[in-house]
Amino acid sequence: MRRRQLAALVRKDLRLELRTRETIVAMVLFAIVMLAILQFGFGTRDDDLTRFVGGLMWVTLAFTAVLGVGRSYVAEREQRVLDGLLVSPVPRVVMMSAKAIAIFLYMTVVEVVVIPLVGIFFVKGPYWESIGWIAIAALLANLCIALAGTLFSGLALFTRARDLILPVLFLPALVPVVIAAAGATYSVAGGPHDMSEWRGYCLFLLAYAILFSLVSVATYDAVFDD
Amino acid sequence: MSGGSQYVVAAYAVIWFLVLAYVVVLGARTARIGRQVEAISRMLDRRDQREEQPDSEPDPEPEPSGDRA
Amino acid sequence: MTEGPARMPGERAAVIWGSIATLLVVVSTIGIFLVAPEDADQGVIQRIFYFHVAIAIASLVAFAVACVAGILYLRTRNDRWDDVGEASIRIGLLFSVLVVITGSIWAKASWGTWWVWSDPRLVTYLIVVLIYAAYFVLRSSAEDDRKMRYSAIYAIAGFASVPLSFYSVRVAESFVHPVVFTSGGANMPGSMLIWFVVSQAAMLALFIALLEVDLVGRRSERALRRLALRLEGT
């Protein structure tokens, strides 16, 4: 029953997205533009940006996540889907999980484009192997982004300066994710190729995801309580 | 060994300054509450006077009761 | 209004904790500057440590109190817990700003620069300040019931991200340069440790005192608002 509800909600989000493709295309474009801006901003006088590129990539992905998460409830709010959902007997946890899955998928799509592309600029070891390790860390990071993002976008949804509140709430909470994901990326791609470091960061991301899923499950009923 | 003692003084000065500033903020709020209480009691005085002159109805006991939290 | 029928709850607590805090702050200041021995490596600078670390721990206690208050608010929907939560976070934020400033002064004194991105304590507290500054932004853009509910949820989520930021910064640090963790921390001689403990007690008492004073103020504000509403009604 719950699984059917969850599948239906996820399918609803994806179908909406596939029909217009506005969010994902915009997110991918945003990420590429942002990376280009960052590269220009840092300048090319210093030839070796490879040490920073992994970090720049995760900063970009964090901002892209804020953008995507901010869009994720737009349909619900504008077309009054939320009113219907809230009176329907769908448990809040199922609603939340559906949103988190949608955000997770969006981020994954963006990363499928961005990581191999940016990887060209900083991966020093064997390309596909490094990309594979980065991808695992990225999936964990997406889990964190999806869980925290669902909670914070729920909080920001009915506030006054919604578009401003979300980044203010969400970005400080994303700092650990950016630190860990950038660290993991650097450790397998940049220089040292240190697997124990990579493992440490991945475990941290896992712990983050677990902690935030507990917080979300515990508080999500209260987010939509009116 | 007084090398750097100015930094120690600075650190403790900042602590004192900000904590006292916070206390001042709390004090300012208390002052605002006091002002409002004053305004309310003046309002009550005026109303009592008005009620005494036409002498129509008994006072509905507007005394502020103690707060139950 | 000359004599209230009953003392306002928390009124006596505010006075008692205020006195305890004052006493402890005086005792610890005397102890730190006149009694505690000078640190062998760092000299006078080390005396920043006592209040710096004590305030840091007190701010974490404040955020923990706010988190518990958030849970209790969501359970009971009693406005009082919202008051406790907001007051604690405000004090916690004040304290963490103090941690950042005193930490920065300490960095200047011992390393010669105001800010060191590789020092985990400074960086984490910067993140903590950002997390809890957002709390007030969130509060200011929602109303009444929703404001209290969102604040409670955010207080809980924020407290969950505090250990995460601590740990993330330390994980990153441990790979870059290993031992930054103890600076006069674990291996403190007893003659210093005792003054650290007194400072810690002083800062905790200061937190409780400020909290109680704030809560009494909030209660009177609320009582006043009720009174004003009643007067408008008649």
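Letters A, B and C mark the chains in the order given here, with residues in each chain numbered from 1 onward.
We take it that a residue touches a chain if its C-beta (ideal position, glycine included) is under 8 Å from a C-beta of that chain, and two chains touch if they have at least 3 such contacts.
As the structure is a prediction and not an experimental result, all values here were calculated from the model.
Trainee: Quick check for the class: compute each chain's Cα centroid; which one is farthest from the centroid of subunit C?
Mentor: A
Trainee: Indicate, using Cα centroids, the chain positioned nearest the centre of all protein chains shown.
Mentor: C
Trainee: Using mean CA coordinates as chain centres, what's the subunit A-subunit C distance in Å?
Mentor: The answer is 31 Å.
Trainee: Once you find the CA centre of subunit B and the CA centre of subunit C, what distance in Å lies between them?
Mentor: 24
Trainee: Using mean CA coordinates as chain centres, what's the subunit A-subunit B distance in Å?
Mentor: Chain centroid spacing, subunit A to subunit B, equals 47 Å.
Trainee: Residues of subunit A touching subunit C in their complex?
Mentor: 148, 151-152, 155-156, 158-161, 165, 168-169, 171-173, 175-177, 179-180, 183, 187, 194, 197, 200-201, 204, 207-208, 211-212, 214-215, 218-219, 222-223, 225-226
Trainee: Name, in rising order, each residue of subunit C that touches subunit B in their complex.
Mentor: 1, 4-6, 8-9, 29, 38, 43-45, 47-48, 51-52, 55, 80, 91, 94, 97-98, 101-102, 105-106, 108-110, 206, 210, 213-214, 217, 219-224, 227-228, 230-231, 234
Trainee: In the complex of these two chains, what residues of subunit C are touching subunit A?
Mentor: 74, 127, 130-131, 134, 137-138, 141-142, 145-146, 149-150, 152-154, 156-158, 160-161, 164-165, 167-169, 171-172, 174-175
Trainee: For subunit B, which residues are in contact with subunit C within the complex?
Mentor: Those in contact with subunit C are residues 1-5, 7-8, 10-12, 14-15, 18-19, 22-23, 26, 29-30, 33, 36-37, 40-41, 43-44, 60, 62-67, 69.
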